[in-house]
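Look for chain A in each of the two complexes below; its partner is chain B in the first and chain C in the second.
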Partner chain A sequence: MLFPLESTLKADAKTVAGSGEYDVVIVGSGISGAIIAKQAAEAGKRVLMLEAGTGANITLAGYDDLLTTFYSAVSKDNQSPFPVNANAAMPRSPKLRKLQAGETDSSTYIVQSGPYVSDTTYTRIFGGTTMHWEAKTPRMLRSDFKTRSIFGQGLDWPLSFEEIEDDYRLAEREIGVSANVEDQQYLGQTFPGDYVFPMRGLPLSYLDQQVNKGIEGTSVELCGKTYPLKVRPYPQGRNSIPNPAYDGGKGYRPIGAVDTHQVEEGGRCQGNTNCVPLCPVQARYHSGKTLAKAFAKNAKAGERLVELLAQAVASKVDIDPDNGKVRSLEVKVYKDPASAAHETITVKGKVFVFAAGAIETARLMLASGLRSTSGLVGRNLMDHAYLLNWALMPQICGTMRGTSSTGGIVDLRDGPFRERQAAFAIDIHNDGWGWATGAPTSDLLELVDDRNLHGADLRRGMVDRVSRQLLLAFMLEVMPDESNRITVDPQYTDALGNMRPILSFTVPEYTMKGAAYGRRFARTVFARLGAQDHTHYDPSDFGYVAYEGQGYAIRGGNHLAGTHIMGTTRTNSVVDKNQRSWDHENLYLVGGGSMPTIGTANVTLTLAAMCFRSSRDILKYLH
Partner chain B sequence: MSNRFEAFLGLSVELTAFSRFDLLGTGLAERYLATLDKVVGVEITDTLLAAFVALPPAEGEARIKAVRTTILGNELLGDVARALIKLWYSGTWFELPLAWMERFGSRPADTTFVVSPDAYVEGLLWKAIGAHPAGAKAPGFGSWAFPPKIPALPELDSKA
Partner chain C sequence: MSSYSIRTLDELKEFLHRAMQLEHATIPPYLTALYSIKPGVNQDATQVLRVIVVEEMLHLTIAANILNAIGGTPDLARPDFAASYPASLPDGETDFEVGIQAFSREALATFLKIERPAQRPKQLAGKGLIQRKTSANTTALGSHPRYEDLHFYSIGEFYSAIAEGIEYLEAEAHRQGTTIFTGDGSRQITPEFYYSGGGTLFPVTDRKSALEAIALIIEQGEGDGGGIYDNDEHELAHYYRFEELVKGRYYQKGDQPGHPTGPQVQVDWEGAYPIKANLKVAEIPEGSELREAAAAFNARYGEFLQLLTRAYNGQPSLLLEAVPTMFEFRNTILELIRNPLPNHPGMNGSPTYEIPGSTKQAAPTRQSEVIA
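The block that comes next holds the complex of A and B.
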């Protein structure tokens, strides 16, 4: 896919400020902003997109620089490809530490106000968090949209599954989802008669198959119901083999790497086992692919419909006191990531879209004093809680090969037990214990330094230790809770003087009940596999949570949601079901933040679907 | 090739159980010897190489025992040799233990660092387990669905 060369010309701050009113001003170049920019450009609207990061990775050379940074990084954490930029700082998990009771830690970008310390991350560069996401794309289940009515937990959405289903299909097309319908029909999920995903499902890994062999045909009992166990493939936003039956037989053309020059790469996943933090060949979707289509509208129209202003950090929202509309946006534009020197410009538009992710969007609103009528801006912060369980399989499973994750155990995503405890989806990590222990480097250090192995014993030891690794990551449902929130405080600011997000979070008891059950569930699975359980949770771990006499290390899933939830009235929510602000009629707060619940689905597909919906509403508003 | 480089290569074969072919194939052997020289100094590197050259021409268990007693169990050389193993396997030089620095003096260049982007990509640990470095040398679409091909241990000729 080609970026038109002129689209990569950096828009000039002065020109942007002096160019009058845009139809749509979008903050953030992640998937939400990209979809809305593309839909608006296709309707002939003039769009300005603001990106806090440098935008250097818009070209293949810039993207490859991220890969080189990753190769050179001692810590290969999920933000390691992305250079430090104090003007658009982002959370980085290796820097966290456990808090004492009542303590606040402001040494990292997100101020951790506790009691739980979250290692959640998002990426502030061109492409947003789709530059680092793993690209699992399950749909939410029908019941996930009405957990309050069905289970007496969480909140009901103002939308039903049926109302969002068409948009799920648009999102699956945009991302290029690889999955087989027959694999996704569990738990009552249905697809219209002729529907197929754009591409065929990615094959299960050899590790997945070994696990499946050990558990298929067995089941577990929970709250009087039986759940069969099986390893099922996840739908993925990674390029596979196009399905010729897609779109009524028209087929699907995958989008590979994007650049200003013709490039033949990324048309199909090659098995780099590195979806997170960066697919080296761009076979994994990132929002640059959608933006390339948006920019392509420029050339066709013969004028610049979509402009990208990088190194531009939205800092304050200006509201017209007479009608509540957003009048303009104050933006700090820096010249060099190594310096805080910047100029402040004012940007005007008919419609404003904040698509900066659940934390940064809430931060921008709160820093502007906009808490909304409901007072819910920043509240109901959610992120999936992950509980990791790891073991050694009895046989060699070829761990460390594949795309990051291909399969998992997902039959406990729904059931009557959700009246009392969280549902979960388990994914099997093809990179073994990496997430939990830092494998395989941590294994190397142990074998060389502590076990005193060298030569042939070391080679055999590495195979024995690494190639049998199995990690079951339990992605646990987290329900909205108003006291879990993002706030701001003028005493905590970043290099540009923008207020940083402060995170206060307690893992809800509902989730911990699910975690406690999950730990028992993992032990049952390990017993059936004959796998040696190596799981241990260190009380000094930053994410350690004690529950009913046991301790668990809870990890963030980077599935941020809930800081500007959608609802039915201005008193119970921040935005309506089109993600339009109740208080400011020309402002849309889009992305995970609008989701009232997240079920056990990674949030990206759902928020992408919602942005197609919002695009239609924005175009209607503009007409 | 100089005798010094030959000795370094022989030592590396002994410690890693990868063949000269594999080690030279990484394109990093000279750079790793230079890394040793830079981090711990030429003198200690020469002592390590001399200890390897002086190993008795034994085979099997006797050879392993000799490596353990004269190199890996040597108070000065053991930690350096272990750092060299980790370097070959991961491309990262890992800072020497505090106890070593306290006894033999800290070295300014002795920090944990990745020698170069290609050093990560050429880490031997991935080859040892029949995998590929995460983010490089991709084995191809769908290859993950099949059992791994774990390479057999080569006939080594470090003593030659």
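The block that comes next holds the complex of A and C.
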């Protein structure tokens, strides 16, 4: 599948406003919106997709421009490829600072109301956060769907694993997940007899293998249970070798890439190590691949079924007071990212889908005065808390080679200890200490400035330093808490006059207990590896959290969830198990925001699966 | 039946060896032009060249699959396999030289000739092969094993001869209750080893799949039956992709050959490093780092051809090992291309692709004439 040329011709505001009713109006072009757009188009429905960003990266040249920006950026953070656009601003972590008690910092796009300052990010461009994601695609565990019943923590989902299992398979097909079933059968995860992933698993990196050598056969004890240690491969949303046994022997062909002129189909993973923020060869999945298929769908008369209106920021939802249905959507369409000049149009549709990410979807609802019957819009905000631990391995381990993260220690994703403390999954970072210290740039500066190295000595010094770096990133479970939330306030607005999100967050004690254990766990692993621990947390760090006399720098995981959770009634949740709003029958709030808990799985695969479910419900509603 | 037709299985095998040689011979020129492009410019050209190089690797593999299907033994390490540049290729009544050079208008003119759809004018219909004008010492790509001094009118005709040979020999075999497709199926390179913008890799097991394989090679290069796309109207043929760069405009659906009407393509013809065309290691001063790097590259390239030979001889998974080697080549080629050539002011180095153990030597050209 190639992006058809005509797909680059974007819809214009006048045509959109004057074109009567669309079957489905979707806000956001990330993976949630893309899946729903494609499913609707395949059923012959007319779809309008609104994207706040410029949409320039819909072409390969635009995509390559992002890469060029990234290559030339001094700071290689998650958002470094993406140009500043005040009309569709996004959080940029390097600008954060620690808050004093009671202080609010409105100097960044997300107003940080504290006490914890989160560096969580999402990307407001065509493709959404799949333009910067790391593309690890583990499924949630069976127990993750009922943590309230089993552990007395968090909330139960209105869905069971069994109810979502088929949609997990659809999501794995859509993303083109690379994994081997035998590697994923741990902690009771099962797969039907003949199931294989679309593509074969990516191999563990040399660093993974070195870590595994040091820990395999050892174990840890926690709450009276023994957990064997081992490095296991992660399932990945990036192209490897298609599995000929997929789909009953039909095989799998990776299809689609941002491309207007048949020059690139999305390569195989080459291990470039800059997966985050942007894969140079489109081996990593992004939602442009799904949209390529959606844009190619034509109605019987030949006209396109999916239109994309870029530079269009949804600003207000208009509700029919008689029946609670969404009547229309007010959209601000700007002409130029450098100017706030815009026109305001009204968009009509039979069904509205808000797929703008957990924070922006909640922001749009709250800015429209829609808190829902339950009052839970914006509440229960979740994001995985990351605790970084870094050390130098005793031997050269080839750090900086391979995909960002290929393996990890994941056997503590579940266990009876979850009654007391957060579960975690550990990523082994093939890109060294970068996330924690800014390596390898920081190493280079130190070797040049402080140690005056140059030439061959400098090269050797860099190899010696960087290729022994081991970073263990603990992804800690965070349970829903109504006081962790997104709100809006008319005193904080963006360039277009839209209210900005205000984030209030406290890292739950349950999570901090897991973090404290995680720190001890890391020391144990480092000791078994003979690695020299270099971890330190600076009390002036914006994410510094004190717990039981120790301090920890907690990082955001960009796995945003929970601002419009799904549940069993309109009083305990915002949406039903199909992600349809309890209060507005033609409105679907989709994505991570619907998740009542996030366990220790990166959220994308699960939310993608949920969107296949919602697509069926939307089509049923339209018929 | 023409005297040039393929009549024996051994001859068909030799033709397929030459098909592999021909497909491989396009890779060094395309790869060198690709890597000669300066960073930050010619993004479209980079992508066009990249995808075409990848498809030439597909063609090489497909040719190996056909050869394996009829019980042949692909050998990329045979002394006559690797071309010496410039090598000659048929282009209608004349043949022309394909060399190693930087991305430029001249390079594109050559590339267009490589991929040009060529149909004989009426007066030459049925007139057989054409006398080569280049020296017998020059690698003559797409030539006839029994008539080394002649060449086919076009690459398309060369492949048509193979297709006809397959049909003829398989029909003969059928009459005797047998088949020419006796190769070991486990030697076939299967689809999981390739996916890209166009074409698919599939095992060749019989007459039908063999002919489909040949059609794919021809259509990806030249287009289908005079059209600019391949037969499912999906993929633009190589010739027309190169033409997009020359004409500075993309083709779109419905366009006629020679008249692209899509968006403009920006090409910076100065945006490439000035490498010395068809450089030989002997021209680089002894003892220089550049000479060392060029020789080391050639040695590695020779090992690479041996690795591919093993992969095509029953060990397909070795193709995965070839991938890091291609990255190594990229890095080495960039080093060669971005460093000055000693004693040649304003000129940079280049990979020379002089494979150790290769027999072909470049030599002067001579006149051509049409042989009836």
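Assume the second predicted complex is superposed on the first by the 613 of 623 C-alpha atoms of A that agree within 3 Å, B and C clash if a C-alpha of one lies under 4 Å from a C-alpha of the other, contacts with A are read in each partner's own complex, and residues count from 1 in each chain.
Please note the rule applied: a residue touches a chain if its C-beta (ideal position, glycine included) is under 8 Å from a C-beta of that chain, and two chains touch if they have at least 3 such contacts.
As the structure is a prediction and not an experimental result, all values here were calculated from the model.
**Student:** First (chain B), second (chain C), both or neither: which does A:R459 touch?
**Tutor:** first
**Student:** If you stack the two complexes on chain A, which partner ends up touching A:A101: first (chain B), second (chain C), both, or neither?
**Tutor:** Neither chain B nor chain C is touched by A:A101.
**Student:** Is A:L278 contacted by the first partner chain B, the second partner chain C, both or neither?
**Tutor:** So A:L278 only meets chain B here.
**Student:** Once chain A of both complexes is superposed, is A:Q270 in touch with chain B (first), chain C (second), both, or neither?
**Tutor:** Once the two structures are laid over each other on A, A:Q270 reaches both partners.
**Student:** Considering only touches as defined above, state whether A:L444 meets chain B (first), chain C (second), both or neither.
**Tutor:** first
**Student:** Look at A:P254 in the shared chain and tell me whether it touches chain B only, chain C only, both, or neither; answer first, second, both or neither.
**Tutor:** Only chain C; A:P254 stays clear of chain B.
**Student:** Chain B or chain C: which reaches more residues on chain A?
**Tutor:** Partner with more touched residues of chain A: B.
**Student:** Taking the superposition as given, does A:T68 touch the first partner, chain B, the second, chain C, both, or neither?
**Tutor:** Both: A:T68 reaches chain B and chain C.
**Student:** Taking the superposition on A as described, I'd like to know which of chain B and chain C A:Q209 touches: first, second, both or neither.
**Tutor:** A:Q209: touches chain B, not chain C.
**Student:** Mind working out whether A:L60 is in touch with chain B, chain C, both or neither, as first, second, both or neither?
**Tutor:** second
**Student:** Which chain A residues come up in both lists, the one for chain B and the one for chain C?
**Tutor:** Common to the two interfaces on chain A: residues 68, 241, 268, 270.
**Student:** Residues of chain C touching chain A in their complex?
**Tutor:** Listed in rising order, the residues are 40, 43-44, 47-48, 50-51, 190-193, 195-198, 200, 234-236, 241, 244, 250, 252-253, 262-263, 320, 323, 327.
**Student:** Which residues of chain A touch chain B in their complex?
**Tutor:** Where chain A meets chain B, its residues are 67-68, 70-74, 76, 202-206, 209, 240-241, 268-274, 278, 280-281, 396, 398-403, 406, 430-431, 434, 440-441, 444-445, 448-449, 452, 454-460, 462-463, 466-467.
**Student:** In the complex, go through chain A and note every residue touching chain C.
**Tutor:** For chain A paired with chain C, touching residues are 2, 5, 60-61, 64, 68, 200, 239, 241-244, 251, 253-254, 259-265, 267-268, 270.
**Student:** Under the definition above, what is the set of chain B residues touching chain A in their complex?
**Tutor:** For chain B paired with chain A, touching residues are 14-18, 64, 67-68, 72, 81-82, 85-86, 89-90, 92, 94, 112-114, 116-118, 120-121, 125-126, 128-132, 134-136, 138-148, 150, 153.
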